[in-house]
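Please see the structure below; I have some questions.
Letters A, B, C and D name the chains as they come in the text, with residue numbers starting at 1 for each one.
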């Protein structure tokens, strides 16, 4: 890809998840130059860590493949990975953005042949699998990684392992002297698409995520079901690797709760409905799912999906916010509560409990340079005061993928409007 | 007709409004979103003691079920453990609402007559406010003898071992029957409380008016 | 065709040099591939290797490049030669990474590599670098159909971006549904009270914008042409017809409330005091104009108690009403309840719901309503019985588990009925499917009335409107690519494609404006739209060979092909998505693309060296979808999941592009079997060309006849559904199939 | 002159000859060692406790607590109020919160207080003794004074309700507070962090009015302590202590169990660990004698 020089007719997109990639590609395919900044070593974001999408149960990396091909064929998008925005100067139509780029220790010579990975001995936690598993300290971030280039974990720099990696590479792709660099990028408009993070489940004390191994989060469960995940796609519970066949899904784990997140995260109900399908897929004979909920929010056409799941005898719905979870002598998490439809008290052991954790905007806590107007939950609001910095996807609202893409496409147009003005002015 | 009005009264907000005016923290009732975490967190409800757990009471209030709510023994099972309060996603002060509804039912004389906790609660307050400090012995005796002398002796016998243990450990003093701990300024305390009751009553009537 | 010079480059990196005899591969390229220039390089993708290729292009007159190295999905930056025809022989992910590094495997592995070199050379020779199509239109004007919030927003945003807009509204005023609202649900902090609809402001923006040409009381009488060169007739009230040149179209025709008269059990149409949400908005607007008191329609008495019935005629499982949830109604009822509470807190307002659906900050709005004293009751309404001026609402209280709960003397009942899309004619029901197999697919569900009046009146072969989904919403069934309809350059936005509220509709409208702008820009450059964005190839047809069978015109998933009066196909390139379904459908093989044709694939099939029947080396042809199956095979390689050395894999654009001639050629050439790997088809299709894989399957279902005529066993062709995640499953399928074929025995056609 | 001075609100149960008199004794000894000066609020009155609700009403309850604030302000100006009883602490703190958040309530309260010739000017801080220990002194300081570690004792830390909810000790979780375990560790004994009944309700006042309900819960609390191999239970709350200790006999009758596990206050453990004797630690105040602790208390202090 030819690296065009960024000007104030360039659009900067922050975040390389589905929203960021969409915003970047839609703008580029409309003839604009784009710089796409991603903090991880590979694009794809959180959706690339999902096993399937609701309601079609198709695979997120299928769409990722298309977007990557669009990217490969489009010289207008310049991708910076391991990069984070540290400052934005100027105003609409004329921003100077400071970007810190962390060293990858691997240059463009890398062919992803994997020799360094085989040479290195150190294992490190694998964030792509939410640290449920480990990978080599010289690694390809994931099977779909774009750029398809290895990364060296900083932990081994200066160690014998690093030298082993360097020695193993026949192509001079490993550069142990790489340093963090700071670059300045001109841009007329900025699309902020930094996505979301799962709410810290440990804060929901009654559910004991920090105390019970077999209480996990919905995003972690996606990795368990995924063939590329730590269990190779088998649904096994963390404590003892036992097949988890009787699974509880707890809705509003953090959401709709003034002790945690005030807002409704929108996706969690559908995500759990979808995940019951994983259970059925893995254990067609004796898989069993129980969904504890307050309101099932299967909005618009998703209702059909809800009705399908309701018709499934292996799925049980209980209208109840689980009061607390304890652990029995077999390491089974036990849900305690009351079914509010008719007041049946329950004390039910499960093999595994999946907390449908809420969506927290990644911008929360992150101080976006040049203070941005956000709502009480930290989502970027559409506000003139934000100048030409536009929120997109889950940085702007709790959205499902479909709506995130709409939002990103809309943000791309808003950005284009700004750079077109600039172009007109300069013409 | 009467049946008709009965239906008409139901699901009207009259009782909800009454609760908001008369019950401490009553204006929180409308904020419940029926998640059930309180009912599931309540230790005595979990023993099956509650006829209507907190969340159901809130719904009954909205549904205008005045009679059922004010005559149930449910809220009297509250142990003030505060589990419901800390877990409620809407931050309803449920413990206090339970106490409040109980107090209101008691005030109206609709609370179940023989509800032992209702009795003890009243007993405790009288005991504590009489001298400004609790007299544990009189308190217990009062409780045992609530159903008359004979039953009192029975209860006393049943509790004998416990009592003796405490006496041995010098944690129960028989002399307490005569005098015992008390505040010096009992007069002041009485006057102060009398005033407090006056003010509270006037405030409530004001709220109904306004 | 200009004289071509082919060069083959074989890489020795990534273990290729150790695992394969690369000198032999160079010879194969020269001898069998007949390329004048064949070289090997230790590290082809590094600066030096790429420089070598660039130099040959610049100085040796190389026009066609065959790279024997890694997968076409890898090292794309390095091997980026947009000016040239390029083929990639996948020796790494496709050969050495899926074969064991053992002596006994060495021979078959080498054979595999040599075949891929032959195939690469054959393919590249059959290709030409696509040049794009000059003769496409260049109109930069957007047509927006529908003057509601969605349409107005699209028009304003497009104009802001610098594009002229023609806005057509069938009624006499802008505003649509939102124009009838008293207030709207809040869209920014604090999410506590209803806010102004903003419709008036939008309307004045539209009218004040010289860049927006507004037609009121107007409809689209005819839409002709293609992106960049649509010709649209607009019929106005006066009867006059205006013709506009249009680049791209956004259909924002919104929705109609589900008819409450279909809900007599809920009092719909039974009493003036039972209204739908539109009715309540009217009452609220009237009240605001007067003393602010919302009054009972029957007798004008102030409303003292009101009940909102959620999901009226929605989320229906009986098949009589709407099966879906309209999403906006919970917030709308909350808003309407606030109309009462804000004016007079003493009014009893009750919302009866089964699941309250207020996503995002709607939760704050919900809480705010509770603070204002709106009562929420979880229940299922069974009956609304009007008697005189009031009604009794009978319902099942789900919390108190009381099946006979009732509210009597209710002054006003509001039914939250849902949104029914104004999506025009359902072409599936309009035209009987002409291709076998389509019978199997879902007709418009009984719950959705088929609207007789067309909206766009497209002059397209396949019908006058945009295809719909089963619930009457326009087809945009992608999760990753929501805007992609099956009519290129025509995008739908707002409630016509999914139930939604104003906030979402405005976002949707803005995105649709971008897609439309993008479509007309691409059309001008002759570039393909999604998913092969930027592809400059386009279908070329040898009409002299055409038999007017109409397969292409009927099958094209995007309705890109019309018919002229002589029933010859008329290709509209800028409507085309380059999936190749027409090419696959054509029995006389007159349709092709510069870089993808019956020939580019056929030549590869023929290039493979077929050992005789005694060699015990069967050959299996795999035609794999480039979007899903091929990446899956790649990742299987990256995972070092081994599979049979007897397969030869050719990536295809879509299963729909598979022409049966490839299969018969392969079988005649002595292949023992053929595997077709395509995406999931049907209702939950995962095909990026929507109907491509389905049409391909329909076509292949008839292959048995061909096999019979060749008197071959039906096992020789296998049609498989493969997802991109099948990195373990695919190798298993291959080996299983290879084993089956051994049982079937070698093809009788070997050595002919 | 002590580093740490507080206005002390012992509460009814801590009075001489009352159910938690042993708590008071041990607290006094503990504070002596730690150089914490407690001055009793003169003529303090009952907090009303949670259970008074049937008659208490809102204002009278707050007025009761407010009287203590006023007395404290009058006699011990500027000093924070420290309570050892969970109910006293909670009741007082609730009143503090409500009065600070409602001017009407504050005004009404002042008006009522007039009748007793008192008034409040500023709101005092209301602290629980364990807060003082953890926040004002800190574990390090507390540990310094340990001269007789309670080695080899396995002790279940039972926090109960009202010391923990709704306010609790800062930084601790409502569901799984750990400070009590830390204190057990601090005195050289072995804590049981996985003891899952640590915040279960003991039944509170229902132990009097409806014993069977309270005792069902007390059974769980004690049983689990046994299951985890505890030989002793420690708690910061007088009602928890009493309920869990004194009804074990009745529970044994009711459920056929053989419970006989001592239930101590943290202060008693600390006094013994600090070298105090059985009397100072008020070990004689146990209905179920803590034999091992008595033995340790009898041992000479190793310096």
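Miscellaneous remarks
As a convention for this text, a contact is a pair of C-beta atoms (placed from the backbone, for glycine too) under 8 Å apart; a residue touches a chain by one contact, two chains touch by 3 or more.
On a predicted model such as this, the values are computed, not experimentally measured, just so you know.
The greater number of contacting C-beta pairs, out of the two interfaces B-C and A-C, is seen for A-C. The chain with its Cα centroid farthest from the Cα centroid of subunit B is C. The chain occupying the central position, as judged from C-alpha centroids, is A. Separating the CA-averaged centres of subunit B and subunit C is a span of 63 Å. Separating the centre of subunit C from that of subunit D, both taken as means of CA atoms, is a distance of 67 Å. Rounded to whole angstrom, the centroid-to-centroid distance between subunit A and subunit C, based on C-alpha atoms, equals 23 Å. Here the CA centre of subunit A is 47 Å from the CA centre of subunit D.
Within subunit A, contacts with two or more other chains are made by residues 206, 256, 319, 324, 340, 343. Across the assembly, subunit C contributes residues 356, 399 that each touch 2 or more other chains. Touching two or more other chains at once are residues 33-34, 55-56, 83, 86-87, 90 of subunit B.
All chain pairs in contact, by the document's touch criterion: A-B, A-C, A-D, B-C, B-D. Every residue of subunit B that touches subunit D in the complex is listed here, in rising order: 24, 43-44, 47, 49, 77, 79-83, 85-87, 95, 99-100, 102-103, 106, 111, 116-122, 124-126, 128-129, 132-134, 136, 139-140, 143, 161-162, 165-166, 168-173, 175-176, 181, 183-185, 188-189, 191-197, 199-200, 203. Of all the residues in subunit C, the ones that touch subunit B in their complex are 305, 348, 350, 356, 366-367, 370-371, 373, 375-378, 392, 397, 399-400, 405-409. Those residues of subunit A that touch subunit D in the complex are listed here as 205-206, 208, 211, 324, 326-327.
By the touch criterion stated above, subunit C contacts subunit A in their complex at residues 13-15, 43, 45-46, 70, 73-77, 80, 157, 160-162, 188-189, 315, 317, 323-327, 355-364, 398-399, 401, 469, 471, 473, 477-483, 498-500, 504, 507-508, 510-511, 513-515, 517-518, 521-522, 531, 533-534, 627-628, 631, 635, 638-639, 679-680, 684, 686, 688, 723-725, 727-728. Contact residues of subunit A toward subunit B in the complex are 206, 252, 256-260, 294, 319-324, 336-340, 343, 345.
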